[in-house]
Amino acid sequence: MKEKAIKYLFILLLIVFLIIQIYPVIWLFIASLKDSVELSTTPFSLPKAVTFENYKNVLGDGVIGGYMWNSLKITMISLVLILVLSATIGFALSKFHYKHSKKIYSFFMFGIMVPVQITLIPLFIFYSKIGILNTSMAMVLPQVGFALPLSVMMFVNFYSFVPDELIEAGIVDGCSPYRVFLQIVAPLARNTMITIASMYSILIWNDFIFANTFISDSSAKTITMGLKDYVGAFGNVDWGATYAAISIAILPPILIYFSLNKWVTSGMTAGATKG
Amino acid sequence: MGVLRDKKAFFVFLMPGLLFYLLSVFYPITESLRLSFIKWNGITPQQFVGLDNYKRLFQDPVFYKALINNLIYLVIVVIIQLSIGLLFAVLLTYLKKRANLVKTLYYVPCIVTTVAIAQLFRSIYSTQPEGLLNQMLSAVGLGGLTTSWLTNLNTVLGAVSIPEGWRFIGMYMVIFYAALVSLDESVYEAAKIDGATELQILFKIKIPMIKDILLLTFTMCLTGALRGFDIPYLLTNGGPGNASELMSTYMYKQAFTNNQYGYGSALAVFIIIESVLIIFILRKIFENYDVKAQKKAAKQALALSKRKNNKEGRVA
Amino acid sequence: MIRKVGVLVSLLGVLFMVTACGGEKEDASTTTVKWLTSRPVGGAIDETMREIADQYSKEKGGKWKIDFETTADRPSYLQKLKTLVAGNNMPDIIDTDPDLYAKELVKAGKLVDMKKFLQKNDYYQNFYPTALKYQEFSDGSMYTLPLEYHVEMIWYNKKLFSQHGISVPKTFDQWLAACKKLKEAGVTPISVDGIDRWPVQRYLAMPAFRQTGNQFIENLSQGKEKMSSQTGVDSVKFVKEIGQYFNEGFSATDYATAQSMFLDGKSAMYYIGDWEIGAMQEKYDAGEIDYFYMPTTKDSVTAANEFCVNSGIGMAFNAETFDEKTKDFLLYVLDHYADIYTKKMQMSPIKTELPKDVDYSSLYLRIRKDMDNTGEQFMKPWDTYLDSSTNTIVQDNLLLVGSGDMKIQDFVKMIDDSIKVNVTDQ
């Protein structure tokens, strides 16, 4: 009897928490259907009159598609680079015999302690000097760079569970380190890759400060920059339009995350059996 | 330590990533360090001023306010993110069906843009028009507690910390869940047979087993909180006065609003050093725990084998 | 497996090439001028300038283009501008207020002298003098071009006023008395956007303007006056007094909420300029709201028709890239701006006749008449005078004064200390 009561308590907690977690998205969507004055005065009630005016505004000039495409490009390129680079670095630091590996690892750890806002001007001056300013590289470099410390940490953590015997077996079989990595170790890291991918795809998609600073070409504007288009004179913000734009903007990350997660369940059990 | 010895391959694996890191992260760190000894407003030539910025830092009352605020913010955020994250990860492990769906939905706040979250919480905390929080308090008869959470000097810091904390609970929960689920069941099955309760298994076996993940998440959480910027900046921009000023918002203000790039850099250097110290202390705590745990485990193993011998002795 | 890797590697290679070479391919014979701007997207100025740019480009056979890079959110715009300037990448045209940062740009020789340009090309007298004076530095030089022209006023809810027997206040005392009466009746007297800080700073500037015109703030910002003087203390006192009549939690109330509160009848008064004419039109026509200008005091040195008039953020030109082509474009703009802009129901800083074929609302016409009748002096916002460190301190802590959480003498001391450190000790 006590068991059942506890079980129901658990389920209640889970549901309450679930509501707390998804409430913002629901609120966001409902808010985007309200007109601005109603939104400011009664932000939490259901709309008196559902209006699609905000969506018309946002979709009307057609630029939002372009913004999302730009965001997608940068996110995808950065993600691929992050995964490849952190997987290889992690592998190098944890499975190779090198005197200074630990120091290099600590060197990478430094990166998570940096408040990114202060890097804007040095990076800008630097990129300006090496001439990559108006290219997507200027956006991708910092995204990848700042993601590396944590990703490397996660990979190193994962690799510590990959038994050395596995690698030694590969070497005995005549594999080069590259083949060991590609054919033996990397496939095992699927879960880690998915965790990193889901984390950073969202962080990069939602990044504003790097996009705002490094993107000068208006045709390369990302969606987070586009969200600021609804700021009016002297700081008045059209929140209805902004929320409509955000509702549209978070659809791709949600879709990516949900689809990535389908892989995780199957990967989870596979990853648990390390054989 | 490592099992592979091909030096060339080592560098092939390491260099590309290292290059990216140097160019986009390490270089700005060294630049910030250099700029912290300089006075510069972005236009006029840079002027070397030695330790002036640091002298100013240690005499700046707003700096100390921001420092203390940041530590309080840190504690609130870490407690919310890690304890609730761990709690729900554990609860989730007991859920047989639909765990994946629930897990995915819990992650959703991480996906919502900070701009929306900031406005949402601004509306929740307000009094005119009455926000959700005050409405709920009045509804359950705690009307005396209603206040403008973002302008009341006693509550503004907490009010600003909560959205940040709440936002990433899902992420830590996912990480903890993955770690808990990948634990080797045989280890605690044995304890179950020995009559340990679920709670005992949780605290004495499962949590120590995910120690590495705990260190990882603590590191992520702490450094994230020390750099936290978006939501405090959007919600109150450090105000009213400096009541919710954090190190990062103050640094940004100095660098971009006050055009004092050198001083802003000095603040940034301080944030980095502070993070390094905290992580160092954290690692020491975990190492200590490790040593203690190993000693304890050895003792317990000894006691267990003694008990077993006694039992067998009696039966036999 | 190897094939998968091969695909991945080639994909990476392609990505690298795409990102590294993703720059702009330009036709060598077309001139492209870049304008880093902070005007609302799709707003009147944005549209007007785009129209003019299109027309001009056509007249030049497409050999001239202007690239608008808009960041409507002002703080983000400023951060971007400052980063670009620090990286030696200042665009051809920028938007800036005539503040101390702009002054530094001038000192470094980066901006074109707009006053000289307008005078040389005979356009100076075409502007409303106040619109130009607003863009001037304290030494009378002007480097930014005004593209808009606004008056700021206090809008009020007629019904709430008549319900509580309040007549339009003409003096500060009457104003405070009206607020008190409203508050006692349970009405929120004034709704204020505290988050953006400048609306609260306006109240600080009011007493000083009435007592000395802009003299006090000019002297204060140069270290020649103290906040602890009578004028200074009176100004802070006023904020403290009227602050108790602001909506609760105003320090965290944003622009849209403060305005909506007023429009929804939840507050009796709201201070905002005529750029919100679009939002006010409906209720004004329905006779629900009206406006009055900043009240005066007994010994005002400034008259009732002198209050805050602003000509918005100015347009400034990069001295290094200001060539004949850009000059030509600017002259073209000066010729056509007023017509197109006014047609969009806006107040142009360049004097012009109203086109006959457009139907202007009575509100627009009334405000325009007010503009024509403003006095010579006008209240200039304090954030264009003060050094940025002091300004930040004023803005952040003024919120505390207004909410009653900071004593007048503490605030005064803070300001004087900051001015000492940032101005006089330089």
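Going by the order they are written in, the chains are A, B and C; count residues from 1 in each one.
Please note the rule applied: contacts are C-beta pairs under 8 Å (C-beta built on N, C-alpha and C of every residue); 3 or more make two chains touch, one makes a residue touch a chain.
Only a predicted model underlies this, so the values are computations on that prediction, with no experimental measurement involved.
*Asks:* Based on the averaged CA atom positions, which chain is farthest from chain B?
*Replies:* Following the centroid criterion, the farthest chain would be C.
*Asks:* If you count the C-beta pairs in contact for each pair of chains, which pair comes out on top?
*Replies:* A-B
*Asks:* Measuring centre to centre with CA averages, how many angstrom lie between chain B and chain C?
*Replies:* The answer is 39 Å.
*Asks:* Once you find the CA centre of chain A and the CA centre of chain C, what distance in Å lies between them?
*Replies:* Centre separation, chain A to chain C: 36 Å.
*Asks:* Report the inter-chain centroid distance for chain A and chain B in whole angstrom, where each centroid is the mean of the CA atoms.
*Replies:* So the centroids are 17 Å from each other.
*Asks:* For chain B, jot down the residues that touch at least 2 other chains.
*Replies:* 42, 119, 129, 256, 261
*Asks:* By the touch rule stated above, which residues of chain A touch at least two different other chains?
*Replies:* Residues 40-41, 81, 121, 208, 239.
*Asks:* Specify, in ascending order, the residues of chain C that touch 2 or more different other chains.
*Replies:* 79, 82, 86, 254, 257, 261, 266
*Asks:* So in the complex, which bits of chain B are touching chain C?
*Replies:* On the chain B side, the touching residues are 40-44, 119, 122, 125-129, 148, 150-151, 153, 235-242, 253, 256-261.
*Asks:* Across the complex, what residues on chain B touch chain A?
*Replies:* Per the stated touch rule, the residues are 1-7, 9-14, 16-18, 20-21, 23-29, 31-32, 35, 42, 84, 88, 91-92, 94-95, 100, 102-117, 119-120, 123, 129, 131-132, 135, 166, 169-171, 174-175, 178, 181-182, 212-213, 216, 219-220, 223, 226-227, 229-230, 247-248, 251-252, 255-256, 261, 264-265, 267-268, 271-272, 275-276, 279.
*Asks:* Which of the residues in chain A come into contact with chain C in the complex?
*Replies:* On the chain A side, the touching residues are 36-37, 39-41, 61, 77, 80-81, 84, 120-121, 124-125, 128, 132-137, 140, 182-183, 187, 208, 212-213, 216-218, 220, 225, 228-239.
*Asks:* Using the touch definition up top, name the residues of chain C that touch chain B in the complex.
*Replies:* Residue list for chain C touching chain B: 75, 78-79, 82, 85-86, 101, 104-105, 107-108, 110, 188, 191, 194-195, 197, 247-254, 257, 261, 266, 388-389, 392, 396-397, 399-400, 403, 405-406.
*Asks:* Write out the stretch or stretches of chain A touching chain B in their complex.
*Replies:* Going through chain A, the ones touching chain B are 7, 10-11, 13-14, 17-18, 20-22, 24-25, 27-28, 40-44, 81, 85-86, 88-89, 91-98, 101, 104, 107-119, 121-123, 126, 141-142, 144-146, 148-150, 152-154, 157, 160, 164, 167-168, 171, 176-178, 180-181, 191, 195, 198-199, 202, 206, 208, 224, 227, 239, 242-243, 246, 249-250, 253-254, 257-258, 261, 264-265, 268, 271-272.
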